[in-house]
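Remarks on the structure that follows.
For clarity, chains are labelled A, B, C, D, E, F and G in written order, and residue numbers in each chain start from 1.
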Amino acid sequence: MSLAALPILVPLAAGALSVAFWRSVAAQRAIALAGTLILLFVSILLMQQVHSEGFVVLHMGGWQAPLGITLAVDMLGAIMVLLTGITGLAIALFSLGDTPERHEKFGYYPLMHLLLAGVAGSFVTGDIFNLYVWFEVMLIASFALLTLGGERAQMEGAIKYVTLNLFSSAIFLSAVGILYGLVGTLNMADIAQKLGQVEDTGMVNVVAVMFMVAFGIKASAFPLFFWLPASYHTPLVGVSALFAGLLTKVGVYSLFRMFTVVFDHDVAYTHTILLWVAALTMLSGVLGAAAQFEFRRILSFHIISQIGYMILGLALYTPLAIIGGVFYIMHHIIVKTTLFLVSGVTYRLTGTHELSELGGFYRERPMLSVLFLIPAFSLAGMPPLSGFFAKLIVIRAGIEAEAWTVTAVALLVGLLTLYSMVKIWAEVFWKARPEAEDGVQRPEPRTEGLVWMYVAITGLAACTIFIGLNGQPIYNLAEVAAEQLMQPQGYIDAVLEGRP
Amino acid sequence: MNESNTLILRTAALFLMPLQLLFSVFLLLRGHDEPGGGFIAGLVASGAVVLFLFSYGVREARSLLRVDPRDLLAAGLLFGLASVFPALLVGDPLMTAQWWYLPMPGGGTLKLSTPLIFDIGVYLTVVGAILTMVFALSQAESDA
Amino acid sequence: METLMAYVVGVMFAAAVYMMLRRSIVKLVIGLMLLSNAANLLIFTVAGMKQGAPPLIPEGAEAPATAVADPLPQALILTAIVIAFGVLAFSVVLIHRAYEVVGTDDLDQMKDTDT
Amino acid sequence: MLIAVLSGFLLALIAPAVCAVSREWAGWTLALLPAALFAWFASYLPGVMADGAQVITYPWFPALDIQLSFLIDGLSLMFALLISGIGTFILIYAGGYLKGHPDIARFYVVMLAFMASMLGVVLSDNLISLFVFWELTSITSYLLIGFDHEDMNARRSALQGLFVTAAGGLALMAGLVMLGTITGSYALSDVLASETVLSEHPWFTPLLLCVLAGCFTKSAQVPFHFWLPNAMAAPTPVSAFLHSATMVKAGVYLLARLSPAMGDSELWTLLLSLFGGMTMFLGAFMAITHTGAKKLLAYSTIMALGTLVMLIGIGTHYAMVAFATFLIAHSLYKGALFMIAGILDHETGTKDVSEMGGLARLMPITAIFTVVAALSLAAVPPLLGFVGKELMFEAVLGAPVLGGLLIVLAVGAGVGVMVAAGVIAIKPFFGERRETPKHPHEAPVSMLAGPVVLASLSLLFGLALFIPEQALVGPVVTSLGGAADKVHLSLWHGINVPLMLSGLSLVIALAIFAFWSRLQPSLAILREAGGRFGPEAGYFRIMEWLTRIASWQTRVLQNGTMGNYLITLVMTTVLITGYTLLSQHGSTLRVPVPALDSGFAWSIALLMLVSALFASITRSRLGAVASMGVMGFSVALIFILFSAPDLGITQILVETLTVILLVLVLFRLPGFIRLSSPLERGRDIVVAIFAGVLMTLLILAATDLQFFDPISAEQVARSAPDAHGRNIVNVILVDFRALDTLGEIFVLALAAVGVYSMINLRAEDQRS
Amino acid sequence: MIDLFIAVFLLSGAAFMFLAALGILRLPDLPTRMHSSTKAGALGAMLIMVGVVIGFAEWLAFARGAAIVLFIMLTTPIAAHAIGRAGYMVGVPLWDGTIKDELRDNYDLQSHSLQSERREQEPGKDREEP
Amino acid sequence: MNGFVFSLVYAMLALALFMATIRLCKGPSLPDRVVALELISSIVVGVIGVHAIDTGVLSLLDVAIVVALIAFLAAIGFARFIERGGPRSD
Amino acid sequence: MIGFFWNVVLALLWVALTGSFSGGNLVAGFVFSYFAVAVMQRHVPALRGYSQRVPRFIRFAVFFIKELFVANVRVAYDVITPVWYMKPGVIGYELEAKTDIEITLVANLISLTPGTLSLDVSDDRRVLYIHAMFMADEAELRESLHELERRILEVLR
């Protein structure tokens, strides 16, 4: 039996049940834990299924593709779902320890589940309009999570986030409409197959570019990323972490999906644009971070620059580069989530995210320091952590493709990333904690629930180390994913099986 | 002051609201064959309650509804999800429509189907969602 | 008809963008409304417009008597309309709250979160 | 072998436990590991002396050709022995030096990890795993330099060291990947044995530059040398180990390692000779401008590193012999001297040599071994340092390029180190006794063990030259591609040019030493000038520019103004899509005048235009809302007229409810105020027109094209018979594409939850 | 013949709608415009529905047409009442030619309460006793 | 059925819509705009009716029913807004 | 009584709208209407007795349609002619109708009758304030209003 629908249905059900149990925070917490655990379990099963069968396809409602909506999970999808499961569980654990009751009482958990549902839906669907729907589920869940709490910064950030993302949705929707007008179908495999028969690709390029813009905004690529630094540092840390880990990656995933399986008709045109985008994204993101002195803002800008690496993998469009991109996504989701969660702990203990006001954690909490150093150095691409191999593969692909400029940029950005991470390390961990201003009393650190937070962070950090020390199996997954993406006929056949 | 203190509107609302509710059920049930369906019906039903709310205020509207609209919302979502699974019982792919024909007293048959359950879920969700929002807004307005 | 609609939709997009560029958050929301309407009409237009042939099947028949308008874009638009409604409802309340918290509806006074 | 390399990491993991158990004996306990490793590596010596290289491979990441493979030959074994041998004493020494320090456990953790990484670097046969260990040394050394982490200076120095070495590291990574790509293998042994002539490959120059960037930064070559003296902020055991004996030599090691493969190019010879020579001279010169014991030693280390690089560049047989000998000599005396410097500051409480004097009576043992080590540094016979220096002069005299320049530099450097040696040996211990912040005693055994053994070895090796010759230098020369049987070390070659050069150096050095104190002020001026204009100033300027560019970019891009964000988004969309449209589809694009086929539709279109424009220009907020009502009705009418009754109904209902929501929400908001200037409005109008034109063109282009019949035909056909519904749109919504609808109701639910929470959370906050 | 009926109903309905629109465009103040829109609009819609029912000549059309007429007759005056009242309350100015206003004096702007007392000067003159 | 009649009817309805829209834009007060909107919804009912008979699609009448039943809520909402003391300048 | 009345009406309406006259459908309609009305029950003061009202209702309908036409034409005439003949004003009309439903119905029908527009009912429900377009003869206006009210109440009571 095809398990493709479960990653959607599990969080949807958890979300619906959480709404049903609105009045009982305890029940919602239990559902949060159970729901994310089941999601992780399901995603592992799905990964197994994909691993053994190649593609897992489910024609929803029994309507053969392209008649209805077909869920189609290839290795990339399975990887992304698995990461969703891991991140989801980590965030749920962290949230159990960190979410204030006033947020719990006002829908934190249902929003979290449904965000995961939207993310997972985006990863498993094989239908372009259905992708739009899951994007919107995800988007509006993120809107609500972003504004939960109602502080000024949140509102200001949210307005930008909402507006710019809705602009993206409008372009996405328009592109879907035009694409349907051209090929009369919404199933990605069907689209891919039909586009393969089109000789006059001019208009196809136009649509491709529209998708590129729409997903570029979601992925926060240059110069479309403004919404991200404006908002990601404003909500609860758990929410930030969830966004940082998963949301932009949905945009990246979509770029990978569309610009391998669907739009591979004119790589010279489309992927050259992507190459420039990648370089500029890496650079502007990392420079943005260099100008920041707030924990989460630094991390937020780094999301952007890291997105550049992933797009670089796609843009180079060699098997190795795609592998690198996929590997990078895997690594980044885990690492970035971890870093945000660490910022949550420091925030919890000091009540601030400002580097200048933080300090002293290396002495007080050596364990936390290690838990920061691992993802931080990993993000900066230091060996032998996951980020090193991710970067190595992309760089190697760049060198093999003789794409000197972007490779040089990628290397430089790696250095600047390290600079940022070290900046945080020096300020938050090494430096002695500055004395509070006169009369300003530091809030008493709240330590209840800290254990949950540590569990989440430790688990994720372990993943980073695991990928670093034992990268081969992860690489193998990425390799399968890349093979499937580079030779989309397999995907197309699996989805359209049984069609004349 | 949350409700409108106009007698005319209040009285008219008492006439119009059942009419609108009834019509919404009508739109829901025959939506599969004629224009209508869960959304449209749900929107009409929400309109009916909104009219009542405008006339009598949010507290009266709440007590009229008896259940919290949030619960309607949850029920709607669960209905929607519930329609996904019956297909498994007969080994079809998820969401495959199942049709049951129940003989009714009086000679007719009642057509029941998962799409109908689904549409009811949609209906309840729409009503629940809109009323949740409208009630919250009106409440805030009257509290302010 | 599609040609005419092309121009109309163009104007709608232009108006939407112009509204969204205003500094007043209220205009922003109206811009968003226009934007989603424009996108819906775009789909409707590109899919081809046909008069007097709604995708309904007469009672007792198995198929429409004549060629009907393409129902699929209609279903898509319907979904898009409802989604846009949800998003819009949220946005409206968001700007309301933003106004309450920030004390202005001027977007240019809402840049504290950025550098 | 794998266990040997990784054992350091494993021990690091349990080091805190070991510390807790063995308390003040922790240093001794932990030192057992490097001692054991030393012995184990030593056991390889006979094999290496007899039949050369050996490769041991463990799989790690085969897909990327990354192996944990180890190459054991003369070169790597010499390094491994130095690392484990000196490491042993360093750990013991640290136990004394850091006695009672609260963070001593963390020190051991990082130190052991460092040692293991360093062993990894010199033993790795795989380019990538070599790089992994290479970067690990950077990280661990960062943590060690910043050991005194609450001191801002330490943090800054640590960052500097990391930044410079990591920058080089990234270049090295690119270089190694190029190397692997060119030769088709990432195994060092394969690269060295490769048939490919690297210097003829088109990538050679970038490859060389990348590798050199990595090695030069790591080994503190001019102009990247400045981080090394600053790294002296680290505790002395760290400096002794990292910045004299081991880490800084990683670059030297790699250059030596690659020299058989790359050394045949003229560029290689030129660059290494030139930069090495300059570094050598500058290091020596800077050494005499400093009075801090550690700084002084640090600069003399830079001198030594320059010398080694230069020797690799020269690449002759003599150069190889000189390289190996000098390296061993340097590791021994520099390790000893650093530890002594630590003893001095530990005992006296100051680091400034000029503040000390007459300590010999209080610390006789220290004084004796300082003199021994310093003599080796000063290249006085019969110490090993002398042999190294003589060989170095010999090599320089045979240099293929820049011969004259190198001789001058070498003599100058010789002078510098002699002066430095004099300063470090004589100033603190002899002459008048001077008061120091602490009253000095003889150092404890743990701290003396290292200097005593290393200095003794300097003497022993000098006297018994056959030991280093056969055990170390010979195998090293072999692994560098030279002939071991031609290696003959001896103290006395007769009166030859190198000896005369040594003598010349000594004369000048004595002169300078005599006037050292009086020279200090003018040297300080030079030092300051160097600080202002030298490469370190360049580093700070780069960092400053980085911050400036970063904040400029952020100001320009992420400036908080939503209008700018949106304009950027819109114009990006317009330009990229528009360009694609015109360039790819422009030839077939038609812009027709709409036909007058349906008058009524025309009037609805007109209504839409009016309401859109009115909404744009009106200053009445609710007027705009009302005009959106008209827009909604108009759109609904379009839907109705063109066969979409369901859409029409939905549109009208949604529009009505939207209006209701808007009026529920808006009524406390202020009216529209004209906020923007006419110029801004003009700009926005232009942007808006661009957007509108683009969409119009898109639709016009798309309506002309239909490549395939829509799949919905089948949905129409199967709607009634298979899905039992006659409203096809509804059938699509609840059956064919029910999943969309499922997602959509969750969107609605989410919106409701979001609105509910946004409002009620606030209400609850206000209540409490 | 039937076509003629249909044409007459449709045309007259459309004409009333046209007049209603003309009315709200031309008439000088809010209440008078409402007169125009409420009645003529409703009447126009009803007439058109009659035409539609005749045109389709089937039971379903009649049911729907009747429902539409009924709903219009229910909702239009209520909307008119609500708007008119609101407009009056917030003091939308009346046309200069308005000859009489018995409401203004009885309405309390603060409390929104509306008295039933008539003006003292003409007690019950032109009113029949209930 | 005479095409001319339909053209005439459509033309009158179109003009009606247009005039109502002008009033909606002109205001001057919010109630004026709302009255115009309310009239537009009535005209839409008419248009739908005419179009239904023009094309022979009976189902379109369902749309008209919904308009007749629901559209006035907007007016009620506006009225409420005005009474609540929303800004008078609109 | 009013509950039952509405119940039946709604059930019939249901049947009419679905267009299916099967017994099951009638029952279904009845059930649905029952719920719809039941929901409303608490808010509706019961109304009694409606058996004799049908003939009165027909008479009233004819009267009303006539009024509607005549007055509409009158307004239309004023609208299309350039000069205003109207003499608008607001009057307070003392109601005979007592119950909510009566008042509402009267007010709405007055609104639908051209020339008059119900603005509001006084708080004590005695006076209906009416905007009239043609107040040249106020007495005649009041008389016609009264006539209308009488006929409505005749149907209702």
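Here, a contact is a pair of C-beta atoms (placed from the backbone, for glycine too) under 8 Å apart; a residue touches a chain by one contact, two chains touch by 3 or more.
None of the values given here were measured: they were computed from a predicted structure.
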item: Set of chains whose contacts include both subunit E and subunit A; value: B
item: C-F or B-F, whichever has more C-beta pairs in contact; value: B-F
item: Chain whose mean Cα position lies farthest from subunit F; value: D
item: Whole-Å gap separating subunit A and subunit F, where each centre is the average of the chain's CA atoms; value: 47
item: Between subunit C and subunit A, distance of the C-alpha-averaged centres to the nearest whole Å; value: 28
item: Euclidean distance of C-alpha centroids - subunit D vs subunit F, Å; value: 69
item: Where subunit C and subunit G are represented by their mean Cα positions, the distance between them in whole Å; value: 39
item: Interface hub residues of subunit E, defined as touching at least two other chains; value: 22, 34, 38, 42, 60, 64, 67, 71, 74-76, 78, 80-82, 84-85, 112
item: Contacts with two or more other chains, residues of subunit C listed in rising order; value: 20, 28, 38, 40, 42, 46-48, 51-52, 54, 56, 59, 72, 76, 78-79, 82-83, 86-87, 89-90, 93-95, 97, 107, 110-115
item: Subunit D: positions in contact with at least two other chains; value: 551, 554, 558, 560, 562, 566, 570, 621, 641, 643, 645-646, 649-650, 653-654, 656-657, 660-661, 664-666, 668, 670, 695, 698-699, 702-703, 706, 710-712, 715, 726-727, 729, 733, 735-742, 744, 746-756, 758-760, 762
item: Interchain pairs in contact, sorted by label; value: A-B, A-C, A-D, B-C, B-D, B-E, B-F, B-G, C-D, C-F, D-F, E-F, E-G
item: Subunit D to subunit B touching residues, read off their complex; value: 645-646, 649-650, 653-654, 656-657, 660-661, 664-665, 668, 723-727, 729-731, 733-735, 738-739, 741-742, 745-746, 748-749, 751-753, 755-756, 759-760, 762-763
item: Sites on subunit D touched by subunit A in the complex; value: 60-64, 106, 128, 131-133, 135-136, 138-139, 142, 146, 149-150, 152, 155, 158-159, 162-163, 166-167, 170-171, 173-174, 177-178, 180-181, 206, 546-547, 549-551, 553-554, 557-558, 560, 562, 565-566, 568-570, 572-573, 576-577, 580-581, 584-585, 588, 695, 698-699, 701-703, 705-712, 714-715, 718, 735-740, 742-744, 746-747, 749-751, 753-754, 756-758, 760-762, 764-765
item: Subunit B residues touching subunit C - in the complex, by the definition given at the top; value: 33-35, 39, 126, 129, 133, 137
item: In the complex with subunit F, residue positions of subunit B that touch it; value: 4, 9, 16, 19-20, 23, 27, 34-36, 40, 43-44, 47, 50-51, 54, 141
item: List of subunit C residues in touch with subunit B within their complex; value: 54, 56, 59, 78, 82, 86, 89, 93
